[in-house]
């Protein structure tokens, strides 16, 4: 990858489902090393925005990673450009071992001959990643037997092992214990130093502990942006979170990406 | 000009038969994701019901009107039995339901063979359905016209049921979001069973109708099941109108291809058209928007 | 012991057992007639190995493998018909039903080389076009099953409709020689059985290599979480199409070897019913296992022959019940029974049945 700092730049991104604007003109820039949290009530369009960046939802506007326009590319092409994501429900390959999961994640560029042979010794990068996400002891276990937190770490590891430059993490600490949350936060701090990381999260304590900056989405638009303190003191944010009811549950776009 | 109208009518007629066969399938597939290969055998059961009713009642006209509801009940009962014994265990394995119901289809075919014999049986059509009707532009078979009317009636009836009745609302709700329907108190189990009853009942009606066009044999359903599924695939899931458009569209295409080539080439051509069509619309003509990834 | 023997002892023993059974035991205990019958079953087993790959590992429910079996079979049958007729000759049935001329599209199959290539290439090409068109657009798994079945129906109807060039419902039969070897000579009949057994063994070895390879792991990943694989930078359509094409080639070769052994191929061998029939053996043997599909296919074919010889209607009931019981209650086939006995954890590549919904 390039030596210059990477960044993710969205300008006027719009996503429409049957006339309903799930994302309505979002512009934001995330720089490398800036651990950005994306928050907002249910239906605000957070997951839809991640879908748009990763090529799952059709969008208008512009989404650039460095100088590369991502919009209009196929999902697997965007992934190959170094944009990686996780899902709310941990989606690891449950019938394969931890090692096999990571090996698949590492190998999208392998040629046909390598693909048709069995894996010889474990690639170094995989050993390093196992160490980073703390799963070395579990490498030969089926991923389906891991705890919920371990699955989330494995998912993050699957992005690290192929050296994704942009990490889009959808509720990485949902359902985790307190200690697991702290470990996840520290992991994100470590791997985020030289990457562009966006975390979609509901957990405010977790956000306060680890966010460098925060973007608040509401009804498909950016409501507020800044440091944790700035966002928390923004009266519009307080109104959305405390004053009015969450937006129409029928349009809830954050629940069902399964 | 006459040839064109004749072609158009042939297409409509074929389409109405496909529609009757596919309507119930679309319902069960759309709501439960169950691919019921025994649907064709439910049609066969409806056809044999007409045969039995006629041998009891005698009069062809009266027996037709007794057979239509009787075929509905027989088909529906078989459907409920299948749902209750096997399918409700397998909602999370839709592809496997295809193989299981295929096994059921084999058993039903052999049962028909053992009960009614392997040779086909005939059901007499009432006198007023055995001739032709003059529509001014062309003479058409009154039995085929009757089936077109019957298919329209089935669509309208099903549409009214889905749109206005409480059961219909439950069915539509379950199609759109099974989980949500459950959380607002819809008994999806009971709804599933009723859906299966209606869908399979429609197969029985289709079977009765088919006795007007030809003889009845144990493999009657197999001849229609593949085409009926193609209609469901092309039409999309969860909406009747997709099924209607696809049935008449494929019927017309098939008739047109048959006219210009041969019946066997027409089958291949229709399949190619469906595959090409899915390139443009992978979900079929219409599909209920759900937020699942696939 | 060398590492490969230590790590794969059970599998290698399995290969040895298959080889001994086919090459030593069967020829010494079976009559030539029974051996030919077993040879036909071995051809079905080749189709089953392919289905195990596409369905068991790849999650693609292929209801149209009869088409590929039929393509391979008809290509071989056309060559044998032309060969029997001699250079420039016209096959007998064409003089009977047709205008006594060999149609243009038959001509290439006079060449043995073209025939051997086409036996694999034509099924591969058809499978590629259908597979790529469907998988590329992310069409539901159930739709794929239905479309593959519609293909089988259309293919059989097409064959029946073209009696002058395909033999219609009679199919192609009455062969006298196979690449110059007299088919009535018992020695050649035995040789055909050995060729088929060798082909099956090679396919099992190929399947083993695929299952061990990174591609095999990726295929399982696509089966269980297609979207996830996409977001790791792979094109799942390509992964699935490869497995589907390989399965088609295996079926094509099975069909090509079936013709000289059985002496006939007809639309009855390729339509909807035989196409689904291929699946039951695979389901019984364990769809995701290496030897299970082939073994299941052999057992089902044997049961069909012996049962329908004595009680014709019983076989249909039996087959129906098998579909219901095995698929509904024993989704892993024999493997789930033996797992119950041994109470050991299931291997990492068995399908978890509840995840098939990923494709619907």
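In this document, chain identifiers A, B and C correspond to the written order of the chains, with residue numbering beginning at 1 in each.
Keep in mind that, in the parts below, a contact is a pair of C-beta atoms (placed from the backbone, for glycine too) under 8 Å apart; a residue touches a chain by one contact, two chains touch by 3 or more.
Since the structure is predicted, the reported quantities are computational estimates derived from the model, not experimental observations.
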| item | value |
| --- | --- |
| Central chain (by mean CA position) | C |
| Chains most often in contact, by C-beta pairs | B-C |
| Centre-of-Cα separation between subunit B and subunit A, whole angstrom | 46 |
| Whole-Å gap between the CA centroids of subunit B and subunit C | 32 |
| Residue list for subunit C, restricted to those that touch at least two other chains | 227 |
| Sequence positions of subunit A contacting 2 or more other chains | 56 |
| Multi-chain contact sites of subunit B, meaning residues that touch two or more partners | 293 |
| Subunit C partner contacts - residues on subunit B that touch it in the complex | 29, 33, 35, 86, 89-90, 92-96, 98-100, 102-107, 109-110, 113-114, 222, 226-227, 229-230, 232-233, 262-265, 267-268, 271, 274-276, 278-279, 282, 293-294 |
| Subunit A-facing residues of subunit C, complex | 209-210, 212-215, 217-218, 220-221, 224-225, 227-236, 348-352, 355 |
| Subunit A residues touching subunit C - in the complex, by the definition given at the top | 54, 56, 74-76, 79-80, 84-85, 87, 91-97, 100-101, 103-105, 107-110, 114-119, 142, 144, 158, 162 |
| Subunit B-touching residues of subunit C, taken from the complex the two chains share | 59, 61, 63, 130, 133-134, 137-143, 145-147, 149-151, 153-155, 157-158, 160-162, 226-227, 272-273, 276, 279-280, 283, 313, 316-317, 319-324, 327-328, 331, 353-354, 356-360 |
